[in-house]
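Shared between the two complexes below is subunit A, which has subunit B as its partner in the first and subunit C in the second.
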Partner chain A sequence: MSQTVFAPWENPEEEPLIRFRNVTKRFGDFTAIDDLTLDIYTREFFALLGPSGCGKTTMMRMLAGFEAPSDGTILLSGQDIAPIPPNRRAVNMMFQSYALFPHLSVWENIAFGLKRESQDREAIAARVEEMLRLTRLTKFAKRKPHQISGGQRQRVALARSLAKAPKLLLLDEPLGALDKKLREQTQFELMDIQEKTGTTFVIVTHDQEEAMTVASRVAVMDEGKLIQVATPDVIYEAPSSVYVADFIGDVNIVEGRGTREGERIRLDWAEGQPPIWGTPRGALSTDRAVYFAIRPEKVSISKEKPADRRNMLEGEVVDIAYLGNISTYHVQLANGQMMKAQTANTRRLANRDITWEDRVWLSFTETAGILLEH
Partner chain B sequence: MRRFSWFNATSLTLGFTFLYLPMILLVIYSFNASKLVTVWAGFSTRWYGELFADQEFLDAAWVTIRVAVFSSTIATVLGTMAATVMVRAGRFAGRTLFSGMIYAPLVMPEVITGLSLLLLFIGIGLDRGIFTIVLAHTTFSMCYVSVVVSSRLATFDRALEEAALDLGCSHFQAFRLVTLPIIAPAVISGWLLAFTLSLDDLVIASFTTGPSATTLPIKIFSAVRLGVSPQINALSTLMIAIVTVGVITASLISKRAAVAQARDEQAAARATA
Partner chain C sequence: MRRLFLIAVPYIWLLALFLVPFAIVLKIALSDIALAIPPYTPTLDLSEGWAGIRAFLSGLDFENFVFLTTDDLYWRAYLSSLKIAAVATVITLLIGYPIAYAMARAAPEWRPTLLMLVILPFWTSFLIRVYSWMGILSSEGVLNQFLMALGLIDTPLQILSTNTAVYIGIVYTYLPFMILPIYATLEKMDDSLLEAAEDLGCSRLEAFWLVTIPLSKGGIIAGCFLVFIPTIGEFVIPSLLGGSDTLMIGKVLWEEFFSNRDWPVASAVAIILLMILIVPIVLFQRNEQKAREAEG
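And then the complex of A and B:
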């Protein structure tokens, strides 16, 4: 039996929860968000990814109500949210610094938002208990924020922002302060909680692995513009530009002249070198400079010339990065171009036959790489 | 162990002698049995008894305390408001001028502050008395409160207020429920500072007072002009005691809180590791 794939963005009848319509935000002379249009759907886990200063935090602060757009409108459930102050929005935010109230206990922190709605005491207590259970904090309810660990503080911040059952939860670099191990573990907890509560999550992060792990869709941003919005696998396998390919993961870029031959593109990239065969992404205008992008793990490395690969390039091993589970070989091709090839270390290090200054063959299929216009 | 150094010991002794010798003398002579201030005639608490029997001194003390409580409370409210605006408002035209104007009374000679207030009170026909002293003290101690509170607010995480707004607070609720409890130590020490300033002010009080209101410093000053009496020594000793106890209490409270917080944070860090 096949499971229904969650992809509301492909359904034209689905009403988006959030619509950015030609939103521009300027701070003085600086344009933080530049004429941006974006739809985010109910129950999505949407990641805004980009380097610092790309405008991702500004987008989040506009959703929370701390900033107003200079131009354009933001709709939440079809309603323009510009005139609604932050305390009246069905949107809650988890802050990067967590912003836990230091003078209140964990219990009081979580109850803080509920008390503002003047619910009766029993309803508040029941909701707080539920949140404490969800985030496994029941034992720490009476502690103050400085009496618990960083990971626990992170969960208090999450519980507090979820307590009011917002339509939309904003997470500003939620795991930035945690160490790597804890961060990976917490990513799965976040996904689990998102699924359990059915809340729409928008997460801001500069960590591409985090975005890839948690998100249903990722928006890659740069200088106030959306560069590509797609599912993590499309972003990785079929980036729309060199910028995206380079930002997400590791990539080899080869510049050359592309010529269409049937379904494939032939890339002439250096004198006296065999051409590279690749697959274009959509229509590709030929006879101009194009970029061939290929992930290092899709490049095979061997000492003998492989028999039946369409793309084969010869070079010399310059550097080997040993990461335990995988190794990355930096290979210099005939014209000085560097190319990285990655292999899983399925055998012990002592049995490895490729070493520094070896002549090697790099090979890949004609669908492994992608050709990009810019 | 650090080696003993004659240079350090001498510097320390000189410094502390300079600071505290006059006060120590005053305290010792307040227990003098003799009526002559400079002649020691044995230990006695006689002057303390006479002090408490003197209605004029008691009246002056009562005036001083009322003035200090009212003026420091009003100054704390106004000073905190000013500090909040200055730290929060961000950049606007004339911001530097405004903040400069808040702090200017810190360096203004007291004589000038007192004189200008006196002229104002005469100009608007206000009867001089406790009320005018309270106003005057509020005016100059407010900027001290503002300095103390704004230095605390400068390190205050703005996200805390945003979190409160995000969770449904109005701006006023966010201030009352989150900002104020967190900056409370600074507000309290601002209040204590204003209280102390008001307690020992002579110059501004003597400009702005009327015949109905004599504060302790005015009383002491005028009494001393007729000759130093051991009663004054006793009164001064009491004031030193009150101020010392107040300062030690305040610093102990804040130090205890800091130590407890550091201990808890270490415990939390160990729990994580």
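And then the complex of A and C:
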């Protein structure tokens, strides 16, 4: 049985849940969001990723209703949400600080939103119990926020924002306050809960690993603009620009002049260095500066000159970063260019044959890297 | 040894400045009035040894406390003080809370200035500030002249020497004690809590009522006690701004002491006043401790 891939953004008939249409947001002279257009679909787990100050939090606050766009419209299920105040939107938000009410118990915190719209005590109690079960908090229902751990507080915040069954849940750096181990575990819990409830999630984060793990699509932002919107694998394997390639993960970037030769592009990039051969994706204007980007794990490192690779570069190991499962070798080429190569440590450390100041060969296939124009 | 010394300092302080004076006042309260210096008997004469001490102790009785119950002036004065203090506290809260709220919501660069403005009156003598209220409120005072100039009234309003003037004086004097603790709790409050309340379906007003007020409860309680406790024993304000019908226990105490020169009865009044004040003071301490525990 083949599983259908969840990709509503590829279906032109699918109606987006949220549409940003030429949205601009200015604070005085500062333009936080610059003429931005974006569609987000129902049941998506959408990540807004970028450095601090890139406008991702402003986008989220506009969705929640705490900021109004200066120009353009935001549609939720086809309806312009600008005139709707935050307390009337079918949108809930999980705050970065969690914003749990310190004077209320866990139970009362979760019930807070429900009590605003319904007087039916039994319905509220049933919904709160359901949320407590979903987030495994039943035991802590009577405690106050300051009497539980950070991870539990995070789950209370999630339960509280999910209790009203919003069409859209906004998560502002939801895992920022947790330590690494707990964060990784919680990422899977979030995905699980998102799947169970079928709610559309929009998450804001500056942690690229987090975005890659949880999201169905990632939007990389910089200075109020979307740089690339794509699935995590496309963002990683086929970044649209040097900025994205550099922002997501580790990358070697070489600048040079490209010349088309049949199927391939020949990149002349330094005196005395052999050209790099790459495969262009789509049209690439030749005879101008292009960038060649390759991930360190796609670069092989060996002491002997490999026989069958098109691209080979010789250099000297200057640094080794040992991370346990993998090692990253920093190799200096004859012209001073630094290149990183990564290998999985499948053998024990003592058996490693490459060490500092060794002459080594770096090699990669013609399709391993990517050519970028900017 | 060091620890013992550290603990001893506050206890010696308490002993010297509270317990010893209290014992002296209690002793006077148990004595009888006399035309002498000091104006009460018995006095302790240690030169006669044991007999002197025995004579001294036999001279003490509860006569003055019994006297306080026979004349309804005293318990009416106590009740009236409690009432004035309670009403003044409520008025101070109603005026102080909005001020504290506005200060906490003001732009951060303005807050030190606003805080300064609240504290500034303390730099002038309290007595001078009360006297200046006499100048404002009297029949020929600034307020009446202003209202008459505007044509709002024909004859001057009688404000000075009434309870109204006493309330104005108390609220004016104790307002900073209400504002400061409330401001302290409001300023600490995380704004995202209000956004969260709105996000969960509250209107602004509901969010204020369900989040801001409960979270500033500690400050409200502290402010109320800080106004209520000293107001009960207040003497200067009722005697300068109040009239002959303003009945407050501080004024009664002063009259017993200086007009009647009846130190024993005055002392008995003071002892009872202390007993009444202990209740709110203990409650206040408990509130402060609870607030500290919640924070810790």
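In this text, the second predicted complex is superposed on the first by the 373 of 374 C-alpha atoms of A that agree within 3 Å, B and C clash if a C-alpha of one lies under 4 Å from a C-alpha of the other, contacts with A are read in each partner's own complex, and residues count from 1 in each chain.
Keep in mind that, in the parts below, a contact is a pair of C-beta atoms (placed from the backbone, for glycine too) under 8 Å apart; a residue touches a chain by one contact, two chains touch by 3 or more.
The structure displayed is predicted, hence computed values, not measured ones.
Enquirer: In the superposed model on subunit A, is it clash or fit for subunit B and subunit C?
Expert: clash
Enquirer: Check whether A:147 is in contact with subunit B, with subunit C, with both or with neither, and answer first, second, both or neither.
Expert: first
Enquirer: Which partner chains sit in contact with A:117 here, subunit B, subunit C, both or neither? Use first/second/both/neither.
Expert: both
Enquirer: Between subunit B (first) and subunit C (second), which, if any, makes contact with A:131: first, second, both or neither?
Expert: neither
Enquirer: Touching A:276, do we find subunit B (first), subunit C (second), both, or neither?
Expert: After superposing on A, A:276 lies clear of both subunit B and subunit C.
Enquirer: Does subunit B (first) or subunit C (second) touch A:168, or do both, or does neither?
Expert: Neither partner.
Enquirer: Is A:63 in contact with subunit B, with subunit C, with both, or with neither (first, second, both, neither)?
Expert: A:63 sits against neither subunit B nor subunit C.
Enquirer: Quick one: classify A:215 as touching subunit B (first), subunit C (second), both or neither.
Expert: In the superposed model, A:215 contacts neither subunit B nor subunit C.
Enquirer: Can you list the residues of subunit A that meet both subunit B and subunit C?
Expert: 64-66, 85-88, 91-93, 95-97, 99, 101-103, 112-113, 116-117, 146, 160-161, 164
Enquirer: Quick check: in the complex, which residue numbers of subunit A touch subunit B?
Expert: 64-66, 85-88, 91-93, 95-97, 99, 101-103, 112-113, 116-117, 144, 146-151, 160-161, 164
Enquirer: Can you check the complex and tell me which residues of subunit C touch subunit A?
Expert: Going through subunit C, the ones touching subunit A are 190, 192-193, 195-203, 206, 210-211, 214-215, 217, 294.
Enquirer: Touching residues of subunit A toward subunit C in the complex: what are they?
Expert: Residues 64-66, 85-88, 91-93, 95-97, 99, 101-103, 112-113, 116-117, 146, 160-161, 164 of subunit A touch subunit C in their complex.
Enquirer: How about subunit B: which of its residues touch subunit A in the complex?
Expert: Residues 157, 159-160, 162-170, 173, 177-178, 181-182, 261, 264-265, 267-269, 271-272 of subunit B touch subunit A in their complex.
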